[in-house]
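Take a look at the structures listed below.
In what follows, chain A forms one complex with chain B and a second complex with chain C.
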Partner chain A sequence: MEPHYQHLYEILANAQGYIFPNEIDLQWGILIVVYPFITGLVAGAFILASLERVFKVKILKPTYQIALLTALSFLLVATMPLISHLSQPQRAYEIMITPHSSSAMAIFGFVYLWYLMVVLLLEIWFDYRHSMVVWSNEKKGVMKWVYKILTLGVSDISPRTVKWDRKLGYIITVVGIPSAFILHGYVGFIFGSIKANPWWSTPLMPIIFLFSAMVSGISLVMLVYMVISHIRKKVIDVNVLDAIGKYLFFVLILDFTLEGLDQIQRIYEAEESFEIIKLLVSGKLYLTLFVAQGLVGTIIPLITLAFLQFYKHKIKLRKTMYFIVSILVLIGVYSMRWNVVIGGQLFSKSFSGFTSFKVGLIGLDGTLMAAFWLVLPIGILAFLLWLLPPWKMVEEEE
Partner chain B sequence: MSQSTSAMGNEKIKSSRRKFLKSAATLAGATIGYSWLKSSQVLLFAAEPKDESLPWYGIVIDIEKCIGCGSCAKACKKENDVPIEPFFFRTWIEQYTVKNDGSVNIVSPNGGIDGFEQTVPDEDIFKSFFVPKMCNHCSKSPCIQVCPVGATYDSPEGVVLIDEKYCIGCRYCVQACPYGCRFIHPVKKVANKCTLCYHRLKKNLTPACMEVCPTGARMYGNLRDKNSELVKFLKEHTTQVLRPNLNTGAKLYYNALSSEVR
Partner chain C sequence: MKLYIPPQLTRLALAFAIFISLFLVLRHFLVPDTFGQYGHYRGASLIDNAQPEIHYAGQQACFECHQDIQDLKAQDVHSEIHCETCHGPGQKHVLSGESSDILKPTGREFCGLCHAMNAAKQKNAVFQVDLKKHNIGKNCIECHNPHQPWEMKK
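Right, the complex of A and B next:
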């Protein structure tokens, strides 16, 4: 017997209650958990960068380029889990060539390309052009040419041109903020618009996705900033952490409130799916929802961040607390994606039973593959930081 | 004095021109927006019968007639090359047993192909019945709405079909179907579902499941033809579609549908 069938027979034997016969196999596995997690990190990191730029939050300056490069690293990988989960990946291009206008998913390619080409790459280019011209003059050999090519031949670094770089970069940031909102709100819509699935179908879904994206992106940038400073043997500026922590605190409150409201509404309305969802959250999702997402990823970080707002502990302790909080929040948001994607498929649309999910280690849809797509952006980020080191940029006068 | 009057006059003209431009732009924007929405039906989604000369198919399943023999599900697998493993069904039969204590026992072992055995003791049974399931061939089908490449579509007769050479296997349609009627074909690696035996319909043959049903519990017909058997049946019986709250425009009508069924 094929191993896949053997796996399905095992699930069938363990199914609880009644599920439609076609529902035994989960359609979307761990890769589709990774996909909204990654796009969320992109949107969140970008929004944090924009804060510095548009709202002139000077204190966040050391994290500005880091946030942009983090967003780019993850965005470059964002489509990969999607494409590798298709059963006909060689036909993926059809989604761009003949998009079906009524499909939420069809628009992804365009939203993605807009965000990559128009927003992120352009903004980074305008930001780095001056420095790249200088680097191409300083370096020798291959690197000289690499930087020369990256400037796209625009080597004018007169104050007037550099001022224009800044101005255009600013405009792109302003366009970029709604773009980041759309990118991730849209990912939420992919789930929120499926009326067949009561666990997904809520108008709040895009908004919840957006705020959890901001929460995860802000945490990631905070973490990356600390790790980079540590590797470069530079002192971590605790004021920067305090500033990021404050934003994280406020956005986390909003995120928590929104998700709470969604659940309260669900419980109070108690529609026909209520009983099965009650069983779902108190059973199969108990650990990932209440413990990982709720307690570890939300309540503990919220309490810690609240303390950090009012009590100024010793610097070393504060840094450790921020470090732990950022990791906890990332675990929480990953769990949130899991609870939405996997949780939404565990109960039958007959509302009468449950299937189960056991993620494999190997294979295109396995844990190793998902881990690879999560680690790859970190490798890309390391490369980008080496190629475009923010700390070696040419200082411009404001 | 005269100078200031003329200046005021100029300003008036300027502001009225601005107003005109503003409203013209709004009007143009609204027109473009409306025509765009209308042509692509991005937000509102429904299939409508286009060709008057063609039938517009609907289906009736009479629960009172179903004996749960499983012939339909078996015939469907044979006719449509559906893998025999019990995870892939274009049609299946569910057995509902409402117990005296109010609880409901639902089973569908191997989709009902091998028939059913009642496991609940007779004295505990309040009522029991069979419900055959298949694609509802919805006119506002969520599966067609969500397909990112348009690989699943409505035939001119209102039958929901899949272009197997075009499907990218994203599985969004499987998620969107509230009735659990779709699956990914394990060999073809694309979405698969009931076609109402479209290949047979085109040859004036009855769908396989209906052909073999010993009690005539399933029937299909032209909803547009007011004299068709199907329309007559709908007129004379109280029928219901599944999950009417979801407004899928289902064209599969059940006679004697019990409230336990979803």
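Right, the complex of A and C next:
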């Protein structure tokens, strides 16, 4: 047999039933799973920080800066999975210099930039400016100048100016909440607006993405708070965990209900695509949807958190339970991104067949690359916590 | 009372002004010259796209020499299938005229690419043959003329 037919036969062995020629290979691989996951962590962490700021939830104070810095570390990396997924990454900037108004991705670039420049960086800057001025006066050598540059040369720390830091920071937070909603809602919109794909195309998609983003971001901040306290050999305040746990519980209920509604709608409508989707979820997506996302990532954390609302166990046990719950929720939300991104490409748009997906280990589109983009923000966070330690900030009187 | 403008606000305004101007300057140099010449794309990309080597000649080029095949094909079920579907890209052969520059597939598997039994295919759309039972050991083209499949060879 001719070599190119040989190749065709090999890849066709991965397909079941009838599929269109361009459906054999998945265009969007594991990096596109990582992208909404990371963006979601950003939006979720920021929303938790805003709770403290806008709604004055005092108990969450120890997590405020941690949440902001976590959001920034992940936001800085959020576009990297997309860029490394491109065949020509060196051309990535073109989407920003010649954006087309009909391109959802091009507009996302600006939504992202708005969120990074106007919301997150400004909020952190207003929050830390006073401390940075003090640090630049205390430190010697290079670090003195680093802090000086970070203050942009505004070294005025008179009570009036510092009060304005707080005021402006508050305004930014108020603007930031809808911005965080838009940022992650937009990621859902990018999938939800793909008409040709019945697994994606639902107006609920932005909302589902948003709520799962909040769930994952809150869990991440809870986890980061516990790990940081452990590394700094400080006592983990279980009241903080209880407070975060309560929010996580409520948001998780909403998230679960919304996703449930989406599925019930699908089942009741039973459109022409329903048969193939039924096969998809009971076959290729069984493990990642029902086991990882449903059982491990939603049901078990929900039951545990509900339990923790009513029964106050010993502190040590509670901490362990929160630790495990936050990891389980993160696994669940990652699986949710997987089920959307990969699941949506596994069935043929002819509704008569399936292709299959094998994740590569190496290469620009492989598992190692995805793992790298997931680990890098943790490194950035460690650096930011060293540069801008929340526990060394200047205390301000209210 | 004099209006108080907090110093951090004026400094941020300056920082943003610098950032935006830098973006605009960069944009000025980075946008390709021919961008927007015909539409929202780089006009010169049309020239780039015309550069790659041509592989497929199109069936009109085949029929200029192979009039007989055109006539044969026109009378039977393969009339709608273009020559290069089976014979592969033909530009090289069109230019050289050498018969070694074109594919002439002969095997049973090759015909089977379209005609082998496949439960996922519509039964009436493409004629399906069970290659495991139908005249084992013989090549399809020993009986069928691929250009006129239902005129059986004697």
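By definition in this document, the second predicted complex is superposed on the first by the 387 of 398 C-alpha atoms of A that agree within 3 Å, B and C clash if a C-alpha of one lies under 4 Å from a C-alpha of the other, contacts with A are read in each partner's own complex, and residues count from 1 in each chain.
Here is the rule we use: contacts are C-beta pairs under 8 Å (C-beta built on N, C-alpha and C of every residue); 3 or more make two chains touch, one makes a residue touch a chain.
Only a predicted model underlies this, so the values are computations on that prediction, with no experimental measurement involved.
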Partners on chain A (chain B, chain C) - clash or fit: clash
First (chain B), second (chain C), both or neither touched by A:54: neither
Chain B versus chain C as contact partner of A:98, first or second or both or neither: both
Which of chain B and chain C A:204 touches, first, second, both or neither: neither
Which of chain B and chain C A:88 touches, first, second, both or neither: first
First, second, both or neither for A:352, with chain B first and chain C second: both
Partner chain in contact with A:18 - chain B first, chain C second, else both or neither: both
Chain B versus chain C as contact partner of A:296, first or second or both or neither: neither
Partner chain in contact with A:117 - chain B first, chain C second, else both or neither: second
Superposition-derived comparison: chain B or chain C, residues of chain A touched: B
From 19-27, 55-63 or 127-135, the chain B stretch with C-alpha clashes against chain C: 127-135
Chain B/chain C common contact set on chain A: 5, 17-18, 94, 98, 100, 352-353
List of chain A residues in touch with chain C within their complex: 1-2, 5, 17-18, 93-94, 97-98, 100, 117, 122, 125-126, 129, 152-154, 156, 160-161, 164-165, 168, 352-353
Interface residues, chain A side, partner chain B - complex: 4-5, 8, 12, 17-25, 27-28, 85-89, 91-92, 94-95, 98-106, 108, 190, 193-197, 272, 345, 348-353
Residues of chain C defined as touching chain A within the complex: 4, 6-9, 11-12, 15-16, 19, 26-27, 30-31, 35, 40, 103, 105, 107, 109-110, 113, 120-121
In the complex, chain B residues that touch chain A: 40-42, 45, 85-89, 92, 94, 104, 106-108, 110-111, 133, 142, 144-150, 166-172, 174-184, 186, 189-190, 245-246, 262
